[in-house]
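Written below as structure tokens is the structure these notes are about.
All chains are identified by letter, namely A, B, C, D, E and F, in their written order; residue positions are counted from 1 within each chain.
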Amino acid sequence: MTGERYERGKEILDRINPEGIGRIINELKDIAPDMADFVIEFPYGDIYSRPGLDLKTRELVTISALVALGAIPQLRSHITGALNAGCARQEIVEVIIQMAVYAGFPAALNAMYAAKDVFKEIDEKEKKK
Amino acid sequence: MTGERYERGKEILDRINPEGIGRIINELKDIAPDMADFVIEFPYGDIYSRPGLDLKTRELVTISALVALGAIPQLRSHITGALNAGCARQEIVEVIIQMAVYAGFPAALNAMYAAKDVFKEIDEKEKKK
Amino acid sequence: MTGERYERGKEILDRINPEGIGRIINELKDIAPDMADFVIEFPYGDIYSRPGLDLKTRELVTISALVALGAIPQLRSHITGALNAGCARQEIVEVIIQMAVYAGFPAALNAMYAAKDVFKEIDEKEKKK
Amino acid sequence: MTGERYERGKEILDRINPEGIGRIINELKDIAPDMADFVIEFPYGDIYSRPGLDLKTRELVTISALVALGAIPQLRSHITGALNAGCARQEIVEVIIQMAVYAGFPAALNAMYAAKDVFKEIDEKEKKK
Amino acid sequence: MTGERYERGKEILDRINPEGIGRIINELKDIAPDMADFVIEFPYGDIYSRPGLDLKTRELVTISALVALGAIPQLRSHITGALNAGCARQEIVEVIIQMAVYAGFPAALNAMYAAKDVFKEIDEKEKKK
Amino acid sequence: MTGERYERGKEILDRINPEGIGRIINELKDIAPDMADFVIEFPYGDIYSRPGLDLKTRELVTISALVALGAIPQLRSHITGALNAGCARQEIVEVIIQMAVYAGFPAALNAMYAAKDVFKEIDEKEKKK
């Protein structure tokens, strides 16, 4: 399945989170390979590629929603995506703090611990280079 | 209660949503007036007034979280706030469409109907002027 | 269906919320009468009748959970139940304010508006007497 | 936008819920017409049209999820869809009762009231014929 | 506590998930043994044993709700239950894919990873025989 | 930041959960130290210190909300807090059982396993003394 939507989605993902989508494709390849296609085509091929909102903002609004939903694995992945899209770490931290207001302190705290962990992993990778 | 945090919060609210906070103060004045103070002091006095993220982005990440949480009355209020903070209608629409991916189509559709209604109310107010 | 669990549940409901359970029985009688039995038997016959936690506290912990879940019709009903179990209005207000911390301000505000409305209805009924 | 996915999705919707999708298209036509296309193409064109699960079961699993999510407008629409896909009213009622176990009694009760209302509307339409 | 409801529930559980209920009984025996009784009596003795919906469909609608609720341990248990009730793996996979539409992609992906893991555990047990 | 609200909050936390708040301060000190201040000032300095509801009841209503929200790390922390505020283990167990009614069995079971684990950790610490 390599239509126009797939190509458009893959291009965005290759730019902001090639490892993340690679993991998803790999995880799903035996059980539900079509679902990996759907992930590339609908969220990225159809939505993130739309004009009207820049990629940085798209990642930040996704982060706040994932905090509210408590979706930690996807939050981790989109923190990486947000950084690659050009967000500063402080912007991500601010979004998470702000979620204490709307989703409650527990959701915000659990998200902050995840962000801390992602930042640490990135720093460790950097050191090894 | 008119400390520094209250003043700082009230100033932001007067700029982006004076009617919204007015309604909250009025609704709560008999049952829980302290809660109206908390709304002004903590979310606005403590959080929205922080540097590190501009007000427009703060409103957009709140909107996506409110879509995910299904908090329609607050969503309506923050759509007004986002517009007053300088967001374009299309940016708000894009955030809501994107939430179909993370919070599901029902949450996104119910939010879009609310946005439509808020936009219509604003247009009708404009006409009356 | 009038076994021991039903009788035990009905007795508690008759004490703290006879109108509420009456409405449920009436609403469900054509579509799912067994479900009304389940409501009486399991939550009330099995759980609320247990020792180890007094009825007032049982109602207050239910209220905070309903705020978190956004279940407004049931919240209204349990505010009535809490009052009939001996809770003060202020205790209910405190529980709802506290939920701003855990479930976020939108959930707490929507719950407070519901509480205000229930209190008002009760006051109006009192006046008519 | 009338590609293959759209056609495939529209065909299913015309069979199980033409009024529902008509309302969505109409509601969204001024604010976000692309979103109506997404509703037709992704859920119906991509998913419901897949082999491996019959349409009746697809509607019933959607109903239980919508009960859990508290998405009442979409629940109403999918109750209609389930009936048109061949589900018996009693099957829908059973799914909703069962959700008391997983999503709690408040979610199940609110869903049952919605089902009752949808069934009543259908009966009234039938009488008028 | 070995009344009629308990027996009826235990019989269904012995058929579709004896290990699962065994684990629950064992986990709860010191802290809340009555709760294990409630699990057997209400969901299984009262609900799953009702006519009007076959056991396979009961398991599939439970799976979709658990995806929406993000209840991964119970999802794993009901995937096993669904297979023992006669569902094909592909049916379970289809239900989870479909939940991307209603509960969002993060909920569906996390559920799919859990399903993959359960299927793998079953395959490994099979090999050892 | 050591204003009056901070002092008031810290005093309550030192009484009911000094280790818990210590962990939060430590976790957040590099990534978002202000957030630790917010945790102390708003929930504890502003809310828990209010009259109108005793600390024991404040902890129990928080526990039920955390069960409903599925916030396991915070649930564990508040189980400790509830015990230190004077709640009996059985009261906590009763609150969790009751949540099967409102938040569903999966949420209640996952919470009970967490409670069991916290109780066990406390018992092991006691033995070591």
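The criterion applied here is as follows: a residue touches a chain if its C-beta (ideal position, glycine included) is under 8 Å from a C-beta of that chain, and two chains touch if they have at least 3 such contacts.
Bear in mind the structure is a predicted one, so any value in this text is a computation, not a measurement.
Under the contact definition, chain A and chain C share the contacting chains B, D, E, F.
Per the C-alpha superposition, chain B sits rotated 120 degrees relative to chain C, a value rounded to a multiple of 5.
Of the chain pairs A-E, D-E or A-C, the one whose interface repeats that of E-F, sharing more than half of its contact pairs by residue number, is A-E. Copies chain A and chain F of the same chain sequence form an interface built mainly from non-equivalent positions, shared numbers / all numbers used being under half. Chain centres were defined as the mean of their Cα atoms; on that basis the chain farthest from chain C turns out to be A. Our note on geometry: chain B versus chain D, Cα centroid distance of 30 Å, whole angstroms. Mean C-alpha position of chain B lies 40 Å from that of chain E. Each chain gets one centre point, the mean of its Cα atoms, and the points for chain C and chain E are 30 Å apart.
For chain B, the set of residues touching two or more other chains reads 34, 38, 42-43, 50, 66, 69-71, 74, 93, 97, 100-107. Residue ranges on chain F touching chain C, taken from their complex, read 42-43, 47-48, 50, 52-53, 57-58, 60-69, 71, 74, 88, 90-91, 93-95, 97-103.
By the touch rule above, chain B contacts chain E in their complex via residues 101-107. Within the complex formed with chain F, the residues of chain A that make contact are 70, 93, 96-97, 100, 104-110, 112-113, 115-116, 119. Remark: chain E residues 34, 38, 42, 46, 50 touch chain C in the complex. The touching residues of chain B, counted against chain C in their complex, run 24, 27-28, 30-32, 34-35, 38-39, 43, 66, 69-71, 73-74.
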